[in-house]
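What follows is subunit A paired twice: with subunit B in the first complex and subunit C in the second.
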Partner chain A sequence: MQLNARYPQLFTWPALVLYTAFFILPSLGGIVYAFTDWSSYSDEVNFVGLKNFRKLFSVDENYFAYFWNTFIFTGVTIVLKTVFGLALALLLDKGVKSFVNFYRALIYVPVVLPMLVVGLIFRSILHPSHGLLNVTLRAVGLDVLTQHWLTDPHLALFSVMVIDTWKGVGYIMVILLAGLQTIPKEYYEAAEVDGAGALARFRFITLPMLMPAIMVVTVLNVLYGLRVFDIVYATTNGGPGYASEVAQTGIFKAFSEGQYGLGTALSSVLFVILLFVGYGVIRLLERPPARV
Partner chain B sequence: MKKLMLLNAVSAIALTATMFGVSPGFAADKVTLTYLADSNWVKAPEKELAKKFEEQTGIAIDFQIVPSDQYTNVLKTKLNSGEATDIFGGQSGVTDLTLNYNVEKNAVDLSGEAWAKQEDPLVAAQSTVNGKLYGLTYWDTLGYVWVVNYNKATFKKFGLEPPKTYAEFKALCQKLKDGGVQPLYEPISDGWHHVLWFPELGPRYEQASPGLADKLNTNKEKFADDKTMLTDLTELKEMFDLGFFGENALSDTFADRTKAMSDGKIAMFMAQSAFPQDLHKDYPNISADDFGAFVMPLADNQLLNINPAGPTHFIYSGSKHVAEAKQYLDFLTKPENLQTYLDGEPQFFTLPFPGVKAKFSPDLQAFMDAHKDARGVVYQTQINYVNSQWMDIGKDITAMFTGAQTPEDVLKNLDKRRADFADAAKDPAWNK
Partner chain C sequence: MARVELKNINKSFGTTQVVHDVNLAIEHGEFTVFVGPSGCGKSTLLRMIAGLEEVSSGKIEIGDADVTGERAADRGIAMVFQSYALYPHMTVADNMTFGLRVARRPKPEITEKLASAAKILRLEDLLARKPAQLSGGQRQRVAIGRAIVRDPKVFLFDEPLSNLDAELRVQMRVEIGQLHKVLGSTMIYVTHDQVEAMTMADRIVVLRGGRVEQVGKPLELYNDPVNAFVAGFIGSPRMNFLSGVVTDARQIKVAGTEFVAPVASGLVRGQTLQLGIRPEHLAASNGVKIEATVNVIEALGATAYLYTTTDSGEKIVAEWRGALPQIGNRVKLCFEPGAVRLFAEGGERIR
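Then we have the complex of A and B:
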């Protein structure tokens, strides 16, 4: 019996050693570097205490705005992707009768497109003078709605969020669709017999039964949103000015300037935020449903 | 047994001597100089000259070409590990020379070479540290200047002349705008082009405040304290606000420059002096002579902005073939070889040595001649820690255009980042 009990623990050791060597130690090493003046300009690396963190949290710097933009991006894209993903999943689960697989594939296509390609396409579509969107708006007499989508400081981040939703909604839809298909049809039939309308069925059967899938997509979206980089880099590069900078573009900038200590401090802060927010979201969504 | 050991020892000594280029009496005298360079820096005519050099001297050149994006890392690794090539390429300029290459330790002093006295003083100064010249800049650093290229026909139609002051420039732009012509094409979207309006005016800042560059480099003066710089940025902002860059400047790209300038709807574009040739290449119906040039007139500037830094040959201090490497640089700078190099490279107009026959168009030659004694060095080359924050300055200026920052903020941010860089580099001028 004792031998049996030891086997599972023993078996975890190789994986644990590899994980520690290649994930835990480098991550901790990164955090240690956040307390140094490591840079490409000097061979020396000195311990500087909290200097990098003081700079990050200084009011003279823009980093607060970077984190604020990151939170806005995360919050808005979670809502947009989940709402549209759920609507599309419902539509393709029950609403559409023919060419269902074709539509599913079509909605999923943006997910497999490389982010840089998506960035280039949307930079072209959203160009103020010859972009497809503004040209179309002008063609139908809606000149008043034409905007500098990616270069207006008040609109740029919102435009990036919409592009990201367009690209990511297919992925969310697939997860929610899989969740929808696990809900037994008998529940709906019983509810219909009891006289429940479509809204009531959605609220009291679909949503509660879909909660595990919604939890998964929310966690995925939170982690993705807080770490967002490529779509911002490919469309606005944080601009105009600093209007759409996010935490990861700030990290990228610090590293590309050779300020490695500052870059690791910034990524350490993001790591801590990710850890707390991710854990918080899981705990929140894992709460057992209140019984009526 | 003893004989065998003796024979082995003799063989080993002979083999080692051959490997390290020491010539025992029976081996042929053959030296190969290794030369590490960025892939963009070795032009075809230099390879031809290297062959000619080998024919004449028996010294071969082994070009070791590294892709641009990896070059600095590869070079720095080789320099730090003491395994650099006999000759290595590097970008001249005060910051790069000391921070990236540490030439005082890693390169050979070339001040005594014959060509050193011939090289254009502005260019030579960029390879000089503490009075010693460390590199040969074998590049056209004088022919490519950023100027305002203007459409002569449009100027003629509106009765305009190249401006001498900012007030004239502003009035001219307004007249063009009122006449339905976009005054300037300014591709802000790329993040780097609009920055040129600021540090390229280094000669003007220096003229208004002599010795400013030294004071900035020794941290005795701040960008934020200089009134001429503030004037430049304020005027740049005014041009944006008045719509002189067009409605879509924030979305315009440098890649679209020739297309944008091809139909006469835009009158001017601040670009390198070779821009009219580029335009002619893309649109053969437009002649390079259809465009003229004037210096950027912000802050009433009338001086030509020279960026004398460029790809430069350095001889590695740890090389075993310093004499042969010096011989190669001497060969490259012989008048006939300079001319061969210039004639064989279509991208070059001139070289920083007297006596070479430049390839400027008559107009451009006249423009260059007119500014022969009215020129100076741009600030991204002259001032430490400016070039390395180019894209950040771009973001700040864009933020200034959109109203998120003021011209004063742009200068303050620049000072702040300079302090950060200086701190990282443990610059004694900042860490007193």
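Then we have the complex of A and C:
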């Protein structure tokens, strides 16, 4: 017994050492550096207290908008991906009878594409003058609908959210489809005998029984949305101006500009937000499952 | 009045036909049991009556109305599923009233129907629980309650007791029987267990391979089966089948003895046939004797069953009364010729 009890520890220690050295310590270090003026302009690193945070939360700066955009992005993409993911999953589970695997693959393809490729494709499609979308709209006489999709400050973030939904919806659909397929068909038959129409069956059977899968999807979407970087970087790079800037692009830019102290301060704020939101979501998940 | 009538019902899944031209009339208030081995089409037949499965051809009438094309909810039926299919996220009360709530019935009516069903099934104390907090028997009763609340013309049961342990099954069997007496509704019950069929049914429909083999009261099927399949399926332990030869006019030779066949005609000299003798008919004190060697003894207290082999190698199960023999002993099994049922090689009854 004594020997057996020691084995798990022996296996844990190397992993724990690596994890501490390469993740925990740098993370804590990052938080410490958030209180310094560490930058690429000077070899000196001085403790400056809350100066970086004061700058982040100052009304003269745009960082508030970065976080605001991050929240908007997270909220809207969660809704879009869940609604469209669920609709597609329902269609593939019940509606479509032939070529199901073909459609499933088709919807999943964008998930597999590299983010930068998606960015390039959509920058081309959404180009204001010779992009596919506007050209098509003009060709069918819908000139009024043509937009500067990625360069209009009011539209840019929305366009990015739609692109991200297009890319991410397949992944969400696969999880929801798996969830749908675990719902025993007797429940639907019992509801059918009880006189429940399609809408009532969805509302009273599908939705409650799919809740565990929807929760998983929401956690994934929240954590992804708050940390989003690559799709924004690849399409608008936060532009025009700061219109589609999110937390991670702000962090990236602060580091590129050599303002390491400011960058780490931004990261720390994002870390705290993730910690709270993540904790809240996981608490929601811990509720006992309804399934027998 | 809620008669159920099936006219020329056929059902195919793709190219496989699973139900062949079934014609059946179930009278109002009758407890009918569909029984047969797995894959005989009994569940499919029930699901077609319920409206959960479309018929490939034929007509279904419930209460003299053609419901062949109707939705399940509009047929005036309620169904109890093998898995109970209780909605796990709803309380017992919500499960039972789901149909009424979906149909937007008035609140007082819902409360009243729930209360009366709960009373009949003794579920009053469980109404606030979720299905996961109930025992198997309680879940079963909730599933029946959900059916009662709908106030259906016809109750359909799809192997409702097969998930329960043996003791509870016997108890629920009695409860469903009593419920039928209280409600007086037409009930159709599917099972593969012939004991359930024999004990519960007013009338039994024996199915095999998607065809109706015989319809009748339990004892009619037991005493007067139309073929070897029904004879073997109904009754436990099952009927013994021995092969015999017609030696002369009405003389039959079987297992080393000869006797006069209990039929008037239909025998041809030299014809081979199957003799069906039930184990309890081999406990007669005199009559035709068959000698056999005892292999296994099952003593059940009131009675005992001997598993024996004849000299010609045929296996016979016989009921035994009186002092038990030893294993390996030779015993004389006696039967009255009138208790024997004769079947042709193909299985049809010879009367």
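We take it that the second predicted complex is superposed on the first by the 265 of 292 C-alpha atoms of A that agree within 3 Å, B and C clash if a C-alpha of one lies under 4 Å from a C-alpha of the other, contacts with A are read in each partner's own complex, and residues count from 1 in each chain.
The definition used in the following text is that contacts are C-beta pairs under 8 Å (C-beta built on N, C-alpha and C of every residue); 3 or more make two chains touch, one makes a residue touch a chain.
What you see is a predicted model; the values in this text were computed from it and never measured.
After alignment on the shared subunit A, the placement of subunit B and subunit C results in a side-by-side fit free of clashes.
Note on subunit A: of its two partners subunit C and subunit B, the one contacting more of its residues is B. In the superposed model, A:238 lies in contact with subunit B only, and not with subunit C.
Look at A:50: by the touch rule set out above, it reaches neither subunit B nor subunit C. When the shared chain is aligned, subunit B comes close enough to touch A:153, but subunit C does not. Once chain A of one complex is fitted onto chain A of the other, the partner contacts of A:208 are limited to subunit C, with no touch recorded for subunit B.
Of the two partner chains placed by superposition, only subunit B is touched by A:258; subunit C is not. Judged by the touch definition given at the top, the superposed model places A:200 against subunit C, while subunit B stays out of reach. Smallest inter-chain Cα distance, subunit B versus subunit C, after superposition on the shared chain: 52 Å. Residues of subunit A that lie in the contact sets of both subunit B and subunit C are absent, per the superposition on chain A. By the touch criterion stated above, subunit C contacts subunit A in their complex at residues 50-52, 71-74, 77-79, 81, 83, 85-90, 98-99, 102-103, 130-132, 146, 150.
Remark: subunit A residues 37, 39-44, 60, 127-129, 148, 150-151, 153, 237-243, 253, 257-259, 262 touch subunit B in the complex.
Chain contact summary for the complex, subunit A toward subunit C: residues 184, 186-187, 189-197, 200, 204-205, 208-209, 290-292.
Contact residues on subunit B toward subunit A in their complex (touch as defined above): 80, 99, 188-189, 191, 247-248, 250-251, 388-389, 392, 395-396, 398-405, 416, 420-421, 423-426.
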